[in-house]
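Both of the next two complexes hold chain A, though its partner changes from chain B to chain C.
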Partner chain A sequence: MKSKPIVLRIEPFVVRLDTCIAPVAEVVSSLYSGYEFIEEASTVFVDFYIKIAPVSYLRGYYRPQVQCFIDGKAPFKPLPISQAYPFFEWSLNWVVASYVHHYLLVHAAVLEKNGQALILCGVPGAGKSTLCAALMHSGWRLFSDEMAVIDLHTNELMPFVRPISLKNQAIDLMRQFAPNAVLGPSFFDTSKGTVAHMQPTQDSVLRKSIRASAKWIVFPKYQKDADTSLHAIPKSQTVIKLTKNAFNANVLGGKGFKNLCALVEGSDCYEFEYSELQEAVNLFADLSS
Partner chain B sequence: MGMDIKQPALIISAYRHPELTKGFSLSEWDLLVRQARRAGVLARLWYLLERQQLLANIPLPALKHFESAKVYANQMRTSLNWEVHCIQQALQELNLPLIFLKGAAYVLAGNDAALGRVFSDIDILVPKQSLMEVEQTLIFEGWKFGSIDAYDQMYYRKWMHEIPPMQHVQRHTSIDVHHNILPITSRFCPDSNKLLDNINKIDGQNIWVLAPEDRVLHSAVHLFHEGEFDHGFRDLTDLDLLIKEFANEEGFWLKLQNRATELNQEIPLYYALRFTTKILQTPVPVDVLEITEAYQPNKLKRKVTDFVFLRALMPNHFTCSDTWTRYAHWFLYLRSHWLKMPWYLLIPHLSRKAWLRLSVKDQH
Partner chain C sequence: MALFCTFPEVFTHRFNDELLAYSPLTGETIVLSDFAADIFERLLSKQMNFPDLLSAVKPAQYGDVDIELSLRNTLNELGRRGFIASSK
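Moving on to the complex of A and B:
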């Protein structure tokens, strides 16, 4: 059962994944192709140890499940074995949000163009990941579809490039929008419905160490049949909205609040409503030129 | 792992002698961070390294984890201070000494044991006759009990040394209100008046903590009557830091022994000194060690408790355990119940718990 651990540099972290479930390792090596796979684990400092393993031999035959261990401890309930790969991605989100307080972390998608960063911050279901995936295939460089990682000293955004997690209708929509994009397998009946992961563009992976300063902070909202509309909102309101979406603003206290204020101070802040993806992409192209 | 810890875990070496970390390789730092995180002492270790000006030696990727843990611990401390303030405000009209225990006491008294400490709840001690009044006032001020059934109510009210935990409705913080340091049903339960007669006031505030020697004993009682050892190593370092700090005070060792006898806590004191010296090499005078060893005259019991505690007090990380560790935990879980109450109460209580667990499983 012993299989070789995968030690993966996902800037700004090094993650070690131990799993004997072959499909997980296969999906990781396909979606993370172009990343640095470290052969000799002892040469690096590993930030997070994640293990995805079958629950027990007894349950191996009847609805087999997998458990996720964060360095030996299991903070979650087990999931069906078919969801082993998304389990890895979710646990990586969890472990970063729980242990990392040397950066400010905001629940948001981040993209970059011409050295300027766009932060898309919204509640789940607001179409943030879909918009993010579409922009990534329209000349923007992906930083993250899940987490804005902010350097506390310089207030720069740091790339944390990983496959984009697409849900339900967004999967087919993106297949049409970007026919050449690489998508991983679809995982059905997860807590978020059907989930499939889109490989980051080559440019995003290659420039994974190049940071950017925030220029736009946008709260997108997908609304069926809505016209594409962008309207400016006050900075004060933006700070409050961002604070609510920050993973560790409460831990960072006054320091984190100052960072958020400075971030907002230097950015244009908008609310954005859309239903047509192409129109949305065009609007952001105009915004950045 | 042998009886004398011939090859101590990395975290133990680093805790005993922080200067050893100077020679650590990158993979040793990697392992140290894992063990320290699991033990809940990552922030504490940062402070110990800082004291000896060893932070510059920490490789950058490891330093980030230390700093994250430190930021988190500092935030916990800010919240704790605010919570103490709120509790004090809530209870100020009552005529009682408001005594803070454990982590909160270490922070209020400025003890080293507060270094990098994280807290899950706040523990206070009040005179038993004020319990009803305190409970009603807390409810009036916004605390409430979680959902708890009639049996558990009875369990706490009749047998335990605390009332059921309460949460504040807005801040979601927890408070445990104690009237003693051990269950009333325990044969080691001390006379709480003796504890109340020996408290120290915090300068400039109307709040109190146990006397230094009682603080050590309470820390020992808590750790060595415990059934869960997830924080065992962290709690052992609490004891180590308290002892090292108070040992500078004149007459501390004698006071400590006398109080252990008065409060019926000789055996926990024996364990505290036995395992802090054995695991963390806490400096304790030889004559004190000899005297306290006599508190546990049964040689076999000494052997057995050595075997289980040397395992259970390790960080709960697989690199710090052996094949016997899980059995040690299981044994100590049973033992903790055994110490709580006599067998004629314990057997019905555990049977009920086991039955409930089974019937809950059936519903799934």
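Moving on to the complex of A and C:
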């Protein structure tokens, strides 16, 4: 029997997910509860078509795999069926980063408090998602765990609220830090280790259309046993670092450069090292007050 | 004599004392040293040849350096990275 497509408004995009794999649909329904599920797909413009489907008849019996199709094409190798949901999330990251060039996109987590946005930009493994999840459960509104979406005309940050992808030790750490947080199932042996997704807070979902201007640009780094330290860095260096983390700065050319400079001009820029999550959260509370 | 000029569509931004430049030719963003910024800003305002640039740069400002060699290296590097161009 053909399953009904899931058409989901994840501001500022509309995503259509076709899948006959029941656990994927169940996790999407759970982690994206509070989002607009569009009943009639033909009534809206869909930005991205993603299909997660079993690979073939034989693979249904021997180590079953799934393939991801984006606009009918399969840009990735298949993954085990147990990783079907993270496959959807990774595909959505990929398709946005690859095809959306009417916004400036930077690989960073973004949160907001009192109308001012905090950009946490860092390489994978820097502790960005863990810090982002902890801040979200400490009074900050989530914009995105994965990418800063910047309006090219106003330079405002736009919410792109989705579940936060936690990895390995961060999963248990966040279970202790925020016992009331809703976490989806854990997916083991992925290319990133064990992965689990944390549902965004209700406030983040309800205010998903409200933008903010950047106030702080921070490059966090988790370092075992390190003291919590925040130090200012030059704005020129910040532009260089953001450019390296931008998905589409080269595509946007001079416009992207001008937007990044304007973003940095109005922001305080720091490098941040931490090992204790609560200390880090307290520091950002002080910064925002 | 070869004339030097900034490459078309190069973008710059100044943060206090530091000049940042972006080249659409190479897609590279760089922070210019004081000396390179001095040269680059002169070329932004007008095309200049090597002797004119050399006489425009004041040695006293840059201490005990070989200005001619520094200028030659700076022009080569800015050209290689797509920030300036020169006529034959």
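The rule is simple: the second predicted complex is superposed on the first by the 288 of 289 C-alpha atoms of A that agree within 3 Å, B and C clash if a C-alpha of one lies under 4 Å from a C-alpha of the other, contacts with A are read in each partner's own complex, and residues count from 1 in each chain.
The rule is short, and it goes like this: a contact is a pair of C-beta atoms (placed from the backbone, for glycine too) under 8 Å apart; a residue touches a chain by one contact, two chains touch by 3 or more.
Bear in mind the structure is a predicted one, so any value in this text is a computation, not a measurement.
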On the A-aligned overlay, A:D71 touches which partner chain: chain B = first, chain C = second, or both, or neither? first
Which of the two partners, first being chain B and second being chain C, lies in contact with A:H102: first, second, both, or neither? first
For A:G253, using the defined touch cut-off, is the partner it touches chain B, chain C, both, or neither? Pick first, second, both or neither. both
Check the residue A:F177 against both partner chains and state whether it touches chain B (first), chain C (second), both, or neither. neither
I'd like to know which partner A:V44 touches here: chain B for first, chain C for second, both or neither. first
Do chain B and chain C touch any of the same residues on chain A, and if so, which? 250, 253
Residues of chain C that touch chain A when the two form their complex: 9, 11, 13, 15-16, 18, 20, 22, 24, 27, 29-31
Could you pull out which chain A residues touch chain C in their complex? 234-237, 239-240, 243, 249-250, 253-254, 257-258, 261, 264-265
The answer for chain B against chain A in the complex is residues 26-27, 29-30, 34, 37-38, 59, 61-62, 64-65, 67-69, 71-72, 75, 78, 316-318
Within the complex, which stretch of chain A touches chain B? 14, 42-47, 49, 71-73, 99-102, 250-253
